[in-house]
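Letters A, B, C and D mark the chains as written, and numbering starts fresh at 1 in each.
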Amino acid sequence: MTTKKTLMFKKVLVANRGEIAVRIIRACRELGIGTVAVFSEADRHALHVRYADEAYLLGPAPSRESYLRSDKIFEVAEKSGADAIHPGYGFLAEREDFAAKCEDLGITFIGPKPSSIAAMGDKGKARATVIKAGVPVVPGTEDVGNMTDADLLRIAPSIGFPLLIKATAGGGGKGMREVKNLDEMQTLLASARREAESSFGDGNVYLEKLIEGARHIEFQILADSFGNVIHLGERECSIQRRHQKLLEESPSIFIDDELREKMGNIAVKSAQAVDYVNAGTIEFLVDKDRNFYFLEMNTRLQVEHPVTEMVTGVDIVAEQIRIARGRQLSYTQNQIKINGHSIECRINAEDPFNGFMPSTGRITHSLLPTGPGVRVDTGVYPGFEITPFYDPMIAKLIVWGETRAQAILRMRRALEEYRIVGVRTNIPFHQTLMDSHRFMGGQFDTRFVEERFSMEDVMEVRTIDTEIAAILATLVAHQQTERNANIVRRNERDTSNWKWVGRWERMHR
Amino acid sequence: MTTKKTLMFKKVLVANRGEIAVRIIRACRELGIGTVAVFSEADRHALHVRYADEAYLLGPAPSRESYLRSDKIFEVAEKSGADAIHPGYGFLAEREDFAAKCEDLGITFIGPKPSSIAAMGDKGKARATVIKAGVPVVPGTEDVGNMTDADLLRIAPSIGFPLLIKATAGGGGKGMREVKNLDEMQTLLASARREAESSFGDGNVYLEKLIEGARHIEFQILADSFGNVIHLGERECSIQRRHQKLLEESPSIFIDDELREKMGNIAVKSAQAVDYVNAGTIEFLVDKDRNFYFLEMNTRLQVEHPVTEMVTGVDIVAEQIRIARGRQLSYTQNQIKINGHSIECRINAEDPFNGFMPSTGRITHSLLPTGPGVRVDTGVYPGFEITPFYDPMIAKLIVWGETRAQAILRMRRALEEYRIVGVRTNIPFHQTLMDSHRFMGGQFDTRFVEERFSMEDVMEVRTIDTEIAAILATLVAHQQTERNANIVRRNERDTSNWKWVGRWERMHR
Amino acid sequence: MKYITTIGGKGFEIEIVDEEHILIGTQLYEVDFKSVSGQPVFSLILNGKSHEAFVYQGEEDWEVLIRGRQYQVKVEDEREKRLKTAGGGDITDGEFHLKAPMPGLVVVVMIEEGQEVKKGQVMLILESMKMQNELKSPRDGIMGRVRVKAGESVEQRQTLLSVQ
Amino acid sequence: MKYITTIGGKGFEIEIVDEEHILIGTQLYEVDFKSVSGQPVFSLILNGKSHEAFVYQGEEDWEVLIRGRQYQVKVEDEREKRLKTAGGGDITDGEFHLKAPMPGLVVVVMIEEGQEVKKGQVMLILESMKMQNELKSPRDGIMGRVRVKAGESVEQRQTLLSVQ
């Protein structure tokens, strides 16, 4: 057991990078807790290093040589005297062994118990656990453990097609295959196992019925070590591409008070089934008829936690820290009120005009949207270099409005204000989405972006810009021609001016 | 009377600059209303010009040749087809003749009726009006109109010393004098009249008792054209320097629910006394014994309106537009709830280490604080030039917290994150203020900053930084020495490198 | 100076009259055109309308990103254009070299040398930023040299393969 | 290289050992020192502690703005310092020229040539940004030439007057 002294920790090591590391440092600072950043060689100039009280190098840029090196992280914890670790999301956040090792070393892990991480980490085991607690799951294989191809082929028809093969150790769509009929299943099983094996070192898979037209809706829960568990309402996360969430909102247009209460209670029950402590998220699929099914539990802070903060007023990271310090929850379920509507757009360094290809480079200019109802969580700034080593998400743009309509209008305004020069971003994707009638009407499911959305959908609205684009390109081309001519003329006197041409060209590359 | 058609205006001319012009453009954009910016020659690159749908040059940099040229503004309104004008604050916002001219031209003035501006614009007349409505005023001269020095000298002893001489056309502390006794009064009357005459073209003055240890507390009101008037609670604005507000918060630590209701009702009554329509603010002085006195009414949007927006969730500018469009208020008094606590720091381009001397120059680097509970309203960005022509306020940093303590901690965090390079700012002043025990304890009045606050107050806390400052200066000096040496060496081969030295020096000037 | 500017098949004749005026066809426009803080971000006030766009040189044409839409714009000065047309017909596109848009790991190469490819066909998958990215052929053609194989790490702008 | 660095009367002996180490007195520190995006903003990690400051050259000394506090720092290299000390005592301050910190309008000149002034005494009021700003004497002295008068507009950095 951790001692009382450890629970009153004074210095938190943030075992992460980017916007979430900055977010955690902010919460610690506001609570008067010291912060220790860790960084890879690619991140010396990163914002979390600039903002933390202390900062230590972990190793080279690749994650496995830096942010995944738990041994190095524990070394830094010892050297700096950090008495707690916040893992953020990704990296080591859902590694049972990491949480257990913290406990062994007498360091407070700001998150759930290792046993809860383990119980929810194996997707098959998690299903079995919540079924026992009376939580509805997507119909599928209910046995825990290694099932052979023969078992799975035998069970499949009783689940019904289409169905999904999923990796038990899974996440992020890896080791997942959609199966339309029995004939193709054998081949797909093999490839799913291969991918799962290479991604997670575990080729074990299970089957789930494919719910068509489903929405991805999740509930934020908070649990303290005194057995109090509450939920903070839902987040709608159906806007996805290749199983990556792109936009989240709270509340969901699809959920009424009655369904919210019902699903919220089930979410609380799911957390209780694994003796959950700290912040966590229960993900559900909800079908067209409002039947809902437990999908999985994320035993950590979510990327999209801010939309819940905006509508409830609860600072989830501050609450995580309080819980880890052994305090009671600051709220009872009755005190949680959903006020207004919030939307988050994930701003990724990728080119929506070129197959969402990741984009790297130095951010030379950046203008953040600000003003009423706008929040930006980011780890980048002008002058910062986006490297290919980490997740392409560089910022989260979050808005609040009194209604969903007002939030959409505000998001449009904020997206238009947001300027980033130096890397391509998916801002134009979000702008197109905000103009889409289906999105405005709330008519979407998890397949919407891939199957029924196109960047060209709303383009006719903006044909007037064609002429403006032509004029701008002409003016810039003309200016450059003039400038080059001047430089050539000046150059006849002074060779050294070529470096200025070079600068101009670099700027415009 | 303006016609129904005009009331449904589609395009708003924003007769202002800086952060408030941007704020208004944002509100219009979110409501789907077109925006027309106007700008002076110094403001071609300003954010309001970049963000507006249309933008027109008014004239040279000085305000009287640009932002105060109502004739030019009406020309732009006609040319652009703008059917409404939002005046922001300052410039033409409280000019009765400007509002009246809008009415004549069939342009909706987003603000009160000319008669209300007039009634509240003459401070003596305003006192008389609200006294009639039963509103308590600071004891002083109660006659309206021109009083001679002889009148004033006769009345003074019955008011009691110390007292204030104030300009009836006044504002911003101009034409104001503090009088300690009858002996010095004659001289001070003369100088107050002189200053009032030169500032407002009107040397008329009146007397007010000087309330010692008073707090400046104001109530935001909203009134529609159907006679509905509500208040949005109070703002505490006692943190001032030379009668300029520096920090505002809502709610006030000094006001309990009972007093809030009482003062709020009086504020509503004051507005009703002049048939007020649109947003306005009733300023009060509150003495140590919680007696409160009407000070004046500002018949326009206030700089500090965001703190009220943060705690009530009401978008005051959007509500102004709704009211001007002839709609009913979106809220009844019962629906207004104060939620949490909000603080605004005015970020001015001035040097707190050098007598708050204004600072001009190009902003070369800027990093905005973001994250939970933080809002920045600004009209500047990296690359923008701060000129000496306008108000030194370049941004407003606003935070929200569940409690005043949380808001202060969050403001500390945000101030620490805010980096502006290129001009000096008063951020260090606000940082010192946030560390001051008196401020934390809420023990301050309008004289606090000038009389009982020092930048050195909390310095001992930070002595550890002395060594860090020494190391940093040494490292930078060393780097520069090395660099110069290199340049000299390189220079032996290539004279053109001197331009790089020049750049380096410019950067460090 | 007179330019022929083309977007998606649509041509505009734009004449730069002086610093503050342009002619499009016979229509005169007042322009106020500025670069924003030394970046390739341009503010244009055209007859009072305020526009802002990110304008930069792409592989072949100018790229303009304005209000969430990206345009490929070809700008030719009139003389240049006339000479080219007189020269007779299209210049053949020549060989296309696919370069790595970012450093990464080649996951799979889906084509072989000498094979026919269609425009938009996936040729290679490159892993970077934890994502698998499909690199497609920009046009129909025949595969030329393939310079990388699966499992290989590549640098940014390294030539991966060619389409003839 | 060894430096003698002084803040408010307190001296520090700082030796730059190499790119990553400094000695203060006999204490060795590990330093990681970087300029942030080409600005005079510096990030310093000193034995693990992360600091950031705005460092620039003032009129005479270095100015360091760190966590809301501003420090005037004198940095001298050891040799320079030794030579100066050997040279014997303080160098006299010479004439001080008051320059306009910003463009503005001279509202009032409060001193006359030849008059004695005290450190901190207001010499002139300059209006700019709608504010009246008091310009004070940086030290005791005798007024030299006064180059401006009330009502005059001045440019930034224009010399207004001198203190001897």
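Definition applied: contacts are C-beta pairs under 8 Å (C-beta built on N, C-alpha and C of every residue); 3 or more make two chains touch, one makes a residue touch a chain.
What you are looking at is a predicted structure, and each value in this text was computed from that prediction instead of being measured.
**Q** Just grab the chain with the largest centre-to-centre distance to chain A, centres being mean Cα coordinates.
**A** Max centre-to-centre separation from chain A belongs to D.
**Q** When contacts are scored as defined above, which chain pair ends up with more C-beta pairs, B-D or B-C?
**A** Greater number of contacting C-beta pairs: B-D.
**Q** What's the distance between the Cα centroids of chain A and chain B, rounded to whole Å?
**A** Chain A and chain B have C-alpha centres separated by 39 Å.
**Q** Taking the mean of the CA coordinates per chain, how far is chain A from chain C in Å?
**A** The mean C-alpha positions of chain A and chain C differ by 32 Å.
**Q** Go ahead and note the Å separation of the Cα centroids belonging to chain B and chain C.
**A** Taking the mean C-alpha position of each chain, the two centres sit 47 Å apart.
**Q** Of all the residues in chain D, which ones touch at least 2 other chains?
**A** In chain D, the residues touching two or more other chains are 36-37, 39.
**Q** Note the residues in chain B that touch 2 or more other chains, in rising order.
**A** In chain B, residues 51, 365, 381-383, 416 touch at least two other chains, as defined above.
**Q** Considering the complex alone, what residue numbers of chain C touch chain A?
**A** Answer in residue numbers: 1, 3, 5, 7-8, 10, 12, 14, 16, 22, 24, 29, 31, 33, 36-42, 44, 46, 51, 53-57, 62, 64-71, 73, 75, 77, 101-104, 128-131, 133-134, 136, 156.
**Q** Could you list, by residue number, the parts of chain B that touch chain C in their complex?
**A** Per the stated touch rule, the residues are 37, 44-45, 49-57, 79-80, 381-384.
**Q** Contact residues on chain B for chain D in the complex?
**A** Residue positions touching the partner: 349-350, 353, 355-360, 364-365, 388-392, 415-416, 419, 421, 427-428, 431-432, 459, 462, 465-478, 481, 507-509.
**Q** So in the complex, the part of chain B that touches chain A is made up of which residues?
**A** Residues 22-23, 26-27, 29-32, 51, 306, 309, 313, 315, 339-340, 365, 367-368, 370-378, 381-383, 402, 406, 409-410, 412-413, 416-417, 494-496 of chain B touch chain A in their complex.
**Q** Once bound in the complex, which stretches of chain C touch chain B?
**A** Spelled out, the residues of chain C in touch with chain B are 32, 34, 36-39, 43, 45, 48-50, 52.
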